[in-house]
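For reference, the structures are reproduced in the following blocks.
Here subunit A shows up in two complexes: once beside subunit B, once beside subunit C.
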Partner chain A sequence: MQPSRTALLALLVVPFLGAGLTPLVYRVLGERTAYYAAAVAAVCLGLVGSLYGTTGTVVVPWIPSYGVSLALYVDGLALLVGTLASGVGVLVFAYSGGYMHGEPGQAKYYATLLAFMGSMLGVAFAADLIALFVFWELTSVSSFLLIGHYQDADASLYAARKSMLVTVSGGLFMLVGFLVLHDAAGAALGEATFRLAGEGSMLANADAMVAELRTRGLLVPVLALVGLGAATKSAQVPFHIWLPNAMEAPTPVSAFLHSATMVKAGVYLVGRFRPLLFTDEWLVLFAALGLATMTVTAILAVAASDIKELLAYSTASHLGLIVAGFGLSGVLGAETGAFHILNHALFKAALFLVAGIVAHEAGTRAIDDLGGLYRDLPVTAAVTVVAALGMAGLPPFNGFYSKELLFHAAWEVATEAVAGGGSPLWWLIPAVAVFGSVFTFLYSIRFLMLFFGEKPEALGEVHSPPVAMTAPAALLGALALAVGLGGVTATAGVHLAPVEAFVGSVVDGTVVAAGDHGGHGNFSYHLPTKVTPYLLMSALTVGVGAAAYPSFDRIRDGVRAVRAVDPLRPNWYYDGTVHGLDRSAAIDIVQTGQLRTYVVALSLVTAALTLGAYAAAGTGLPALVAAGLEPALVVVLLVAVVGAVAVGAAPSHIAGVLTLSIVGFMVAIFYILASAPDLALTQLVVETLVLVIFLLVLDKLPAFYGSIPRLRALRDGLVALAVGATVTVTVLLSTAATPEDVIAAYFVENAPVPAEHGPVFVDAGGGGNIVNVILVDFRAFDTLGEISVVAMAALSVVTLVAMRERGEVR
Partner chain B sequence: MSGGSLDREPTVIARTVTRLVVPVILVTAVALLLQGHNLPGGGFIAGVLTTTAFALIYIIYGLDYLETELLHRRPTVPFGTGTGIVREYGNVFAAGLAVAGGGGLAAVALGFPFLTQGVAFFEGVPVYHEFEIASAVVFDLGVYAVVVGALLTILAVVGAE
Partner chain C sequence: MTQVLLAVVLGLLFALGTFLVLRTDVVRVVWGVTLMSQAANVYLVTMGGLTGGAPVLEGGHGGETGAVTDPLVQALVLTAIVIGFGTTAFALVLTYRVHEEHGTIDLGEVRAE
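Presenting the complex of A and B:
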């Protein structure tokens, strides 16, 4: 069924509109804006819900001349991400109402969060590569603003910049990949298109696209470019470094952006491109990337000292699991990725909300200071049991099923490859999967143990959280539990049909049409009923994990010791690079902070570009026409020249300014002689104002700077000559051209009062002063733009000069 | 600051001439604004001329003179952005933009394209006999307000440095 055009477009308009109205709403509602934002998110959730069961494309033209459109595509995968963005959005906004109580900058917070939700929905439904890229970068920008929410904290600013640099630069690589795809589509599909999904799109002609890319030798570059975009966004190794820092954001933001939605954009991209680009190269690249991330970040999570840091590394690790799933071949791989996106969003968003409650009520996030919280926070503890065990991958909780699918897929890929004569190295895939999962088990249990055991003495009174904070966490926990128990009942023959059908439709969006056989739309999951190699892999994970848990502290210290070695830390490279760029020698030469350096560069570049363009176009100099030059005009111009020379020779600033105004006034007289009274008037008035302002400023300047070195005088003279030559040539060229005066004739005809007219008319200017009529009537739109610029200039002066004391530098 | 931006006290001649000249400049500016449709003039020129008059006051009488003598209040923080006369200048150019854009929207409301200007003639007006009013005057008024507000903002902020 075709999706409703209205619903789909409204879905993109509503969040941004809501964001725009937020400052006004905040004035009326104050802190209750949270519930307004939650209502906006609920509307979006309803709109997403109305799209269930539909598939298809809706196209709105955007830049037709470049073939760019705002094409929106609905399928299972888009709906999954859309549901997460709006559904978790509702809960997070409600939760924010409690969490953000008394915090600064709430209007900005809710507006940005709503704008983010809109961008995320855009990413999910965009079917045009350019539109996808725009929404993609919008999520990066809003994430930047939200991470840097506490503008006074250095850590927030560092984290915000880091996430911006990493994700936006990754996005630029992705854009290059998109352009290559666009180009390849020109040959493969007959016409170059940015359309990713739908009819006549790249996905619909995946085989032709892959063949074309392969013949051009561009398949691996495209995989790498798109992969870089996904890896930076989804915090894959070695770009995982921004995610732990991003935890400086308020906890609801962490739960929303950095667990359930934005970081899912990367894995969404991988899932979206999987049917298009799935090849052997894809398998190696993404399986390796995913498994490496899953393992490395799981190990780092064990070493974490802060509960949000632990969750951040764990998020990166689970994103790695999803990428690995999409990297592996077959329906199993697609099922792993699709199902784990859902499971991870449920348990991880719940855990982040739990972390927020703990930090809020216990007053600390340090893992070592927390323990035995179940006595004070019983509901939260129950949520944690469900979510943490799901994260650990223990049956019957939801994470178990998707992890089991990963083991299954890894096992299948390895056995198939080895049976087909591949090297035994393929066994690394299942081995690494198990190895990484052991650490996942370890940190999940460690997180759970915050609630059990003895309560440390130092931990003071733990308050009980408001309902607005516990309810969303409990709801997410209940959903996670329902998905988990669905597997148990399925074993007994009662399937959780909505979830299975939904995940099935997501799988449909990510399976390779030709390569993956069977399994379309009939996804189901249940507890294992017989002993299989992959069940043994799960058992091994849990067994080794349980055996290692008693020595958790020693493992943690060991990881910390390794982590302390600089060359092993991606952060070390990041900080070194950023610092190096910040203070490199080149910057000191280019950015002297002196106006004259910039003026010289600007003038020379302008002159070179202009003259170069004339030369490139082969324009010849027109002959000088001296006809029509009256004696009066010559005298005026000569005086102006004398004035100009006098400016250069002026012994003081006062003399310089006064002689400069001679030039200005001579130009005004020139206008009068050329019968342009309006221009002359303007020139006179502006000249007067400039003179007055100069007088205001001059008193503060030294009377004379002293003599300048001869070399610099020579250099300045040359620059002046170059600029003068450019202007002269331009004037000669532009006045030599005599286009047919169609426009001027029109103005002359239509500006005055017509000979015959009624009492009211709008088709003529009705004014004797053509210049003014052009300004305010024929070209009023231009004038509106110009006065806007004047207003902006005033605003920027206010901002630059008067507000410079505010902001970052205090 | 309160003694004026110049270190030296301006002469009596300068003060007296300024007192005489400023009203003349302002009247001229208004005349230029109103006659702009048929004779040389217009919002931009009138705006710059008005600014020149204010700049003269700033130079001769100091930056605080306008506020203390005309508005009868003590300037608080000199030229803070949120308070004082800079804020009022800001209101002037914001209002100017609103007038210019709003006039354009009025045309839309009447069914014409954005910023369409019309002209009306009134017969039998005393003294003038026939009197012409162009809707462009509204737009020109907006231009005038933007130019005056923006230039004075710049002048005041930079002058306070």
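Presenting the complex of A and C:
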């Protein structure tokens, strides 16, 4: 069924409109703006819900001359990400109502969060590479603003900059990849298009695209470029470094952006491109990337000392699991990725909300200081049991099923490859999957143990949290539990149909059309009923994890010791590079903060490039024609030059302004001589006005003239001469070479009004002046732009003057 | 010869404008920018050719236009003059604001604060 155009467009408009209105709403509602924002998110959730079950493309032309359109595409994968963005959004906004109580900058906070939600919905539904890129970068920008929410804290600023640098530079690599794809589409599809999904798109012609890329030798570069975009956004090793720092943001932001949605943009991209680019190279690249991330960040999570840091590393680890799933071949790989996106969002968003409650009520986030919280926070403890065990991958909680799918996919890929004569190295895939999962189990249990055991003496009284904070966490926990129990009932024959159908539709969107065998949309999950190698892998994970847990502290100290080695830390490289660039001497030479430095550089470079281009093109100066000097013109121009020299040498501001208007009036007379009466009139009016304004302003300014040292005057004179010489040469060359077919000829030839119209057009309508007709009819938009510029200048002037008078100094 | 004269004059105007923009006095910087935009306008009109009458139809309907100067560059320059006016006014108020904020219009001192 075709999606509704109105609903789709509204979905993109509503959040941004809501964001724009937030400052006004905040003035009226104050802190209750949280519920307004939640309502906006709920509207979006409703709109996403109305699209459920539809598939197809909606196209709105954007830049038709470049073939860029705002094409929106709906399928299972888009709906999943859209549901997460708006659904988790509702809960996070409601939760913020409690969490952000008394915090600064709330209007900005809610506006940015809403804009983020809109961008994320845009990423999910974009069917066009350009639109996808724009929304993608918008999520990076809003993430930057939200991480840096506490503008006074250095740690926030550091974290915000880091996330911006990593994700935006990754996005630029992705853009290059998109351009390569666009180019390849020109050969593969017959026309160069940016359309990713829908009819006549890259996805619809995946085989032709891959064949074309392969012949050009660009397949691996494209994979690497798109992979870089996904890896930076989804915090894959070694770009995971920004995610733990991003925890400086308020906890609701961490739950929303840095676990449930924004970081999912990367895995969404991988899932979206999977049907297009799935090849053996894809398998190796993304399976390796995903498994490496999953393992390395799981180990780092064990070493964490702060609960949000633990969750951040754990998020990176689970994103690695999803990427690995999408990297592995077959329906199983797609099912792993699709199902784990959902499961991870449910349990991890819940855990972040739990972390927020703990930090808020216990007053600390240090893992070593917390314990035995279940007595004070019973509801929160229950949510944590469900979510943390899901994260650990224990049956019957939701994470178990998707992890089991990963083991299954990894096992299948390895056995198939080895049976086909591949090297035994393929066994690394299942082996690493199990190894990484052991650490996942360890830190999950560690997080759970915050709520059990002895309550440390130092931990003071723990308050009970407001309902606005527990309810969203409980709801997410309940959903996670329901998904988990669905597997149990499915074993008995009662399937949780909505979830299975939904995940099935997501799988359809990510499955490779030709290469994958097995039915589409028939996703179902249940507890294992017989002993299989992959069930044994799960058992091994849990067994080793449980055996290792008593020595958790020793493992943690060991990891910390390894982590302390500088060359092993990506952060060490990041800090070294950024610091090096920041402090290098070149900055002080290039960025002096002085206008003159920039003007000199700009003028000299422009002059050199222009003259160099003339020389390179072998252009010679035109021959001089020794005739036709009009005496009036000579006089006018000479007076103008004398006036300009006088401006340069003016002893006072008043003298300078007066001589400047001599130049202006001479230019007006020049226009008369050049047969341009309209210009002369305009110039006279403007020149008079400018003189008046200059005098009005000069009245308020001090008599500062600044002496010019001789050396500096000489240097500036040389720069000025270079510019002047360039202009002279350019004028000589350009006036000598007039093109054959000038646009103006068209206007002049067609200007006369046909005889049958009679004199009324010219006499009554004033259509005799070609310049006027061009301005008001043919180039009316230019004139509109001109009026807007003047209006904006006037507004700015009023603002600059009035703000000062109202006492707003900065 | 007209072209050569114009080329030299425009070169001089641009040179003087550049020299003024390089000063530390903000007012002079504004002058420099104004001077250069005047010169750029003159350059554009010169590009359209100086021979020919004004691009206005002679007295009414069906009349021949004859040889006229380029109306298109005139339309462009007309827009440019008005926009130049807007930006000059804005630059002047910025100058005024710089004086109010820093108590000086010496760019060297503004930076030192």
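Just so it is clear, the second predicted complex is superposed on the first by the 610 of 810 C-alpha atoms of A that agree within 3 Å, B and C clash if a C-alpha of one lies under 4 Å from a C-alpha of the other, contacts with A are read in each partner's own complex, and residues count from 1 in each chain.
By our rule, contacts are C-beta pairs under 8 Å (C-beta built on N, C-alpha and C of every residue); 3 or more make two chains touch, one makes a residue touch a chain.
Just so we're clear, the structure is a prediction, and the values are computed from it rather than from any experiment.
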{"item": "Which of subunit B and subunit C A:732 touches, first, second, both or neither", "value": "second"}
{"item": "Subunit B versus subunit C, judged by how many residues of subunit A each one touches", "value": "C"}
{"item": "Partner chain in contact with A:473 - subunit B first, subunit C second, else both or neither", "value": "neither"}
{"item": "Touched partner set for A:780, first subunit B, second subunit C, both or neither", "value": "first"}
{"item": "Which of subunit B and subunit C A:688 touches, first, second, both or neither", "value": "first"}
{"item": "Touched partner set for A:634, first subunit B, second subunit C, both or neither", "value": "second"}
{"item": "Subunit B versus subunit C as contact partner of A:206, first or second or both or neither", "value": "neither"}
{"item": "Which of subunit B and subunit C A:769 touches, first, second, both or neither", "value": "both"}
{"item": "Touched partner set for A:596, first subunit B, second subunit C, both or neither", "value": "second"}
{"item": "Footprint overlap on subunit A, comparing subunit B with subunit C", "value": "677-678, 682, 686, 689, 693, 753, 757, 759, 761-762, 767-769, 771, 775, 783, 790, 793-794, 797, 801"}
{"item": "Residues on subunit A engaged by subunit C in the complex (per definition of touch)", "value": "593-596, 599-600, 603, 624-630, 633-634, 637-638, 640-641, 644-645, 647-648, 653, 656-657, 660, 663-664, 667, 670-671, 673-679, 682-683, 686, 689-690, 693-694, 697-698, 700-702, 704-706, 708, 716-717, 719-721, 723-725, 727-729, 731-732, 734-736, 738, 742-744, 747-749, 751-755, 757-759, 761-763, 767-771, 774-775, 779, 782-783, 785-786, 789-790, 792-794, 796-797, 800-801, 804, 809"}
{"item": "Sites on subunit B touched by subunit A in the complex", "value": "5-7, 32, 36-45, 48-49, 51-52, 55-56, 58-59, 79-81, 86, 89-90, 93-94, 96-97, 100-101, 104, 112, 114-123, 132, 134, 136, 139-140, 142-143, 146-147, 149-151, 153-155, 157-161"}
{"item": "Contact set on subunit A toward subunit B in their complex", "value": "677-678, 681-682, 685-686, 688-689, 692-693, 695-696, 699, 753, 757, 759-762, 764-769, 771-773, 775-777, 780-781, 783-784, 787-788, 790-791, 793-795, 797-798, 801-803"}
{"item": "Sites on subunit C touched by subunit A in the complex", "value": "1-25, 27-29, 31, 34-35, 38-39, 41-43, 45-50, 52-57, 60-65, 68-75, 77-79, 81-90, 92-97, 99-101, 104-108, 111"}
